[in-house]
Amino acid sequence: MTNHIVERASARLNESTLLEMFWGMLLSRRLDERAWALHRQGKIHFHISGMGHEAAQVGTAFALNRGVDYIHPYYRDLALSLAVGITPTDFMMSLFGRKDEYSSGGRQMPSHFSSKDKHIISGSSPVATQVPQAAGLAFAIQYRQKCGLVDPNDTSQPRLALACLGEGSTSQGEWHEGMNWAGVHKLPFICLVQNNIYAISVPLESQMAVANVADRATAYGVAGVVVDGNDVLAVYDVMVQAVQRAYSGGGATLVEAKTYRPVPHSSDDDDRSYRSREEVAEWKKKDPIMRFQNSLLEDGILNDSLLHDYESRARAEVDKAQADAEAAPLPDAEEVFGSVYAPLEEQP
Amino acid sequence: MTQATLIDAIRMAMDEEMGRDPRVFLTGEDVGRRGGVFRASQGLFDKYGAERVVDSPLAELSIIAIGIGAALADLRPICEIQFADFIHPAFNQIVNEAAKFYYRSNGEWRVPLVIRSPYGGGISGGLYHSQSVEAFFAHVPGLKIVIPSTPHDAKGLLKSAVRDPNPVLFFEPKKGYRAIKGELSEDDYTVPIGPARIAREGRDLSVFAYGMMAHYTTQAAEKVARTDGIDAEVVDLRTLLPLDKTAILDSVKKTGKALIVYEDNRTMGYGAEVAAVLADEGFEYLDGPVRRLTGLDVPAVPFSHHMQEFFMPNPDTIAEAIRELAGY
Amino acid sequence: MTQATLIDAIRMAMDEEMGRDPRVFLTGEDVGRRGGVFRASQGLFDKYGAERVVDSPLAELSIIAIGIGAALADLRPICEIQFADFIHPAFNQIVNEAAKFYYRSNGEWRVPLVIRSPYGGGISGGLYHSQSVEAFFAHVPGLKIVIPSTPHDAKGLLKSAVRDPNPVLFFEPKKGYRAIKGELSEDDYTVPIGPARIAREGRDLSVFAYGMMAHYTTQAAEKVARTDGIDAEVVDLRTLLPLDKTAILDSVKKTGKALIVYEDNRTMGYGAEVAAVLADEGFEYLDGPVRRLTGLDVPAVPFSHHMQEFFMPNPDTIAEAIRELAGY
Amino acid sequence: MTNHIVERASARLNESTLLEMFWGMLLSRRLDERAWALHRQGKIHFHISGMGHEAAQVGTAFALNRGVDYIHPYYRDLALSLAVGITPTDFMMSLFGRKDEYSSGGRQMPSHFSSKDKHIISGSSPVATQVPQAAGLAFAIQYRQKCGLVDPNDTSQPRLALACLGEGSTSQGEWHEGMNWAGVHKLPFICLVQNNIYAISVPLESQMAVANVADRATAYGVAGVVVDGNDVLAVYDVMVQAVQRAYSGGGATLVEAKTYRPVPHSSDDDDRSYRSREEVAEWKKKDPIMRFQNSLLEDGILNDSLLHDYESRARAEVDKAQADAEAAPLPDAEEVFGSVYAPLEEQP
């Protein structure tokens, strides 16, 4: 496992980018909190949260060529998806299962992000299926370059594929097989494991007999890195390296971001049966947003009035998103029939 | 005798079988401390311990393969697949392995394995928490498939499944987990795997269903009896593999007409086989077409409310289909 | 126009499509230097190179998943599964993923993927090199399923499959790879996915079949025409999903009787759906029961000669079934 | 990866055991050669060979409690199966697909070993499926011990489960998931990978990006060992350690035996398209039987007359097995119907 950060790419980030990162994390959090509230109010059926994972996701997003590189997210990737271009209204439309909902026309449960435009691949619920598929996207990138169908330096073209998943999901054969292709073909591929030490109720030690998911990288001949997933800049730093490796033909990287989920698995879960309140409280102290906020305040990049502005803006955006979604109609029953088969003319 | 829900019955069956036979154990995702995401195994971890109620890694094929191995070694595993939609990674282990061990070893190696899984729509689960999967497995000789629709049957059939020397898929209509209530005995009884159950006797036409649809069909039949004077016979198939052909043919011999109701998508859904049997062996009894009222031929049940409701048959659409066929 | 075998036609189709479109590539086990274990891709590695004829790791789910990813990225993968029996590990990727992408993204993401695989018995392959698997997938809206029975169709349908924007399963009756011969044009023609083919016109009864059984059925029909004066219509379904209902209903409207032949095991085999459609929409045309002549309801085709032969329909048993039904 | 052989268990093997091992390898080879000959003569449909793998298998077998510990072999495991109690006649009956054939009543292709009596689990053809199943057998062993259903030191009971497969088959998700259970539960389990550097035509480097399959052990928190699979005593030594680990609650071991397949993949294969004759010739020099034979001759344990006896005995056994099998009837067609479901009374 290589974990030597020779130079910190994050040291070169300018203030406005740092603030943009902070904003991305904050907006995701406020939207996420609203979703929980809407569920408590009985207004929506279901929410699955990205809380606590914002640093891992925003640190990752900012290292990519956003909207161009392929990403194949999982259900916690709200902050990642927002950073790549999904809007709060898009997300609210999903929560309410509205007509013309952006990802699936209201067919999928919320948090199944998708946008062809932004190169966000439509995800399913069965975990880990996205990993070998994302390896396939990376394979296609490499194929086009090798076969001379595209210029490897053309930044308007995807140059890597990213797949995200939780640590529990690496137990799936799907993950193994995807990682193996990435290693064998030295694919421009990054696998980000967001290790929050639980798969619903199942703790890490019942899931695998290794301390770090990244220890599994050696089995595939790919680079493996462990990073503090609550430190957005640390994540950014290792991701910049992983991206560089992918872009330069150096192959795949397995990045493990250690983090925590401070809330139940989803709105259907009650986490009191499987973990103590003390454990949760302890972890909340490491909250990635508070942490970044404090460091930005310390560095004088953020100040109280700016913070206040951000908070108001976030509230306003979330309010508006909710209002727009609530006002939007539901899909008609007959929409159930659409888009089973792509018509022949519609050759992609 | 108490009133209980479908899921209470399932829990009671597992509890009794674990109490009866120390070889019975439970594995699957979140079955331990969490008691299962639907709470089917609630309390069992505390009662029987971590050795016998085993939280598995998040990996369905190995949940089944571990069960197969343990069954070969003469334990009695109950493997829970959290949602039927997630059984597909284990397809190879079920179809190529569990189903074929007895045959491929000329009767030497047996796989006394139970696979439990909640299936079906109507709970806003979207494409991947609403699937019906029984049709895939009904094509596989060597497997047995059971789908209960009452608490009494759920307990008795699950206990039979645990005692069966063959692999049994036990699919539970999750929409009915708490919605379906009925009498439940605390006795150690079993309900045999195989025979269908006449849920309602009738003379005018036969309706075949299972799971949540058996429940709805019974409601629909009572309704059309009141409102239209149509006397529909409702046959709850309960066991899909092997199919109780005799019950089907006997019923249609009496009524002359058949409607099959299932919530799975239509094409190659389980009712296709029922219809095919009737079109061949029951042809001379038929006074009308064999109708199917089914889920829609789209990839899966959508999340958003209207689409979800439109996908699935319900007591009203079933009543309508009964009327239409009765009037043929 | 030359005489060619089924496998020649498949190879020619791949060659032509790879020549036509640089996005078309082939992956699977041993497809490279080895040219495939059945030599379907012989010569393509030398002609198109290791970039476009890619030996995969021994892992079917990833063969399909890599294909899905590449298809999402607008390539045109042809994924070979060495034997259909080994497609089961990829079931999740095919059923939950490839089939549902277009629907789940409301038409945004397409998966123009071809999965080729040899299937069927009669080659002493035993339980795991003889399986028919089409019935499982025929239950999955979002997939297309094609099974050719002549070299002409094999080439034209495979080329259509490569050009189709949807995932297409292309199952090849391996017993016919070299045994089935016919005219093969070197033109760049396609055969559309969807319509069935009337392999032999007839008035007395309709026989529906596909793959090797379509080939055998045609032989059987010629035979009973000569020996018994029975004029059977043979419909080669060719596309199983979506099913060409019109062709089926039209044929039975004319003949009044239907026999369905498939070598897969009977229960929930593909013919169940054909029978179910006829029992409903074709009921008024039927002058007799809808018969199925099928493989046996045992877990798979045994290795040893007599058992293997007994498992599968053949021209003689088909002829016998035609006679029986014609005499009904 | 631990590869420190502190003491060589094989040093304690007496002469008669060494000769028994040699005999096991030789008999397997001669039987295997006959099968190829029968195929060339058109007398049988199919043969898949264990040639070149005899040392890996016999070294393994002799470290086990044979006939008691569970073994879940793969199609190359002829020498292993013979060492555990399958007879040449059993094997010949399979080759000819005879009635009452021992493993499956003639239903399976040859080399799908099975014997309930000898605790050889019936194998299928889809590769790697046996790995998580064997982990399940190991789980059952541990379960019985933990739940007090059996005495852990009772040598009449299985105390470990062994699964065998080729290196290519470790690409399957099945393998990953089985290994993961073995690690998480510290199961009494051994996975023997017989690495012959090809999966049919696909060479190692197209299969995985690691030099040694055993490098993958770290991903599961299990012990990993590489051994020269052409050296029967070296295999025995590492297996004795692995067996000890399993028996003593120390968990699972991944053993990689490096070897070669000097013949085509099966009687359906032609290996000239994917490997050079020189490569094959080079490897044949390392033949494990010649190697063991020479060392036994050198050590004076074997001599020419004894060798000659062994060869005659092997020929006689193979001749008789063939004659018996050829004389046996084929199964009746109707036997196709038997044993689809175990009857209810037959509760195991």
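Each chain gets a letter, A, B, C and D, in the order it is written, and its residues are counted from 1.
FYI, contacts are C-beta pairs under 8 Å (C-beta built on N, C-alpha and C of every residue); 3 or more make two chains touch, one makes a residue touch a chain.
All figures in this text were calculated on a predicted structure; none of them were measured in a lab.
S.K.: Most remote chain relative to subunit C, going by C-alpha centroids?
M.R.: A
S.K.: If you tally the C-beta contacts, which comes out ahead, A-B or B-D?
M.R.: Between the chain pairs A-B and B-D, B-D carries more contacts.
S.K.: Based only on mean CA positions, could you tell me how far subunit A sits from subunit B in angstrom?
M.R.: Inter-chain centre distance comes to 37 Å.
S.K.: Need the CA-centroid distance for the pair subunit A / subunit C, whole Å please.
M.R.: 40
S.K.: Need the CA-centroid distance for the pair subunit A / subunit D, whole Å please.
M.R.: About 45 Å, centre to centre.
S.K.: Could you pull out the residues of subunit C that touch at least 2 other chains?
M.R.: Correct list: 56-57, 59, 61-62, 85, 88-89, 92, 96, 100, 103-104, 127-128, 141-142, 297-299.
S.K.: Subunit A: which residues touch two or more other chains?
M.R.: In subunit A, residues 104, 107-108, 112, 124, 126, 171-174, 177, 180, 184, 206-208, 340 touch at least two other chains, as defined above.
S.K.: Quick check: in the complex, which residue numbers of subunit C touch subunit A?
M.R.: Spelled out, the residues of subunit C in touch with subunit A are 22-23, 25, 51-52, 56-57, 59, 61-62, 65-75, 89, 92-93, 96-97, 100-110, 112, 141-142, 144, 163-166.
S.K.: Inside the complex, what are the residues of subunit D that reach subunit C?
M.R.: 45-46, 97-99, 101, 104, 106-109, 112, 124-127, 168-169, 171-174, 199-202, 206-208, 268-269, 273-274, 330-337, 340
S.K.: In the complex formed with subunit D, which residues of subunit A make contact?
M.R.: Against subunit D, subunit A makes touches at 171-177, 180, 183-184, 186, 205-210, 215-216, 218-222.
S.K.: Would you pull the subunit C residues touching subunit B in the complex into a rising list?
M.R.: Within the complex, subunit C contacts subunit B at residues 61, 85, 88-89, 91-92, 95-96, 99-100, 103-104, 127-128, 135-136, 138-142, 241, 243, 264-265, 267-273, 275-276, 278-281, 283-284, 286, 288-292, 297-300.
S.K.: In the complex formed with subunit B, which residues of subunit D make contact?
M.R.: 70, 103-105, 107-108, 112, 114-116, 121-122, 124, 126, 129, 131-141, 143-144, 146-147, 149, 158, 161, 173-174, 177-178, 180-181, 184, 338-344, 346-348
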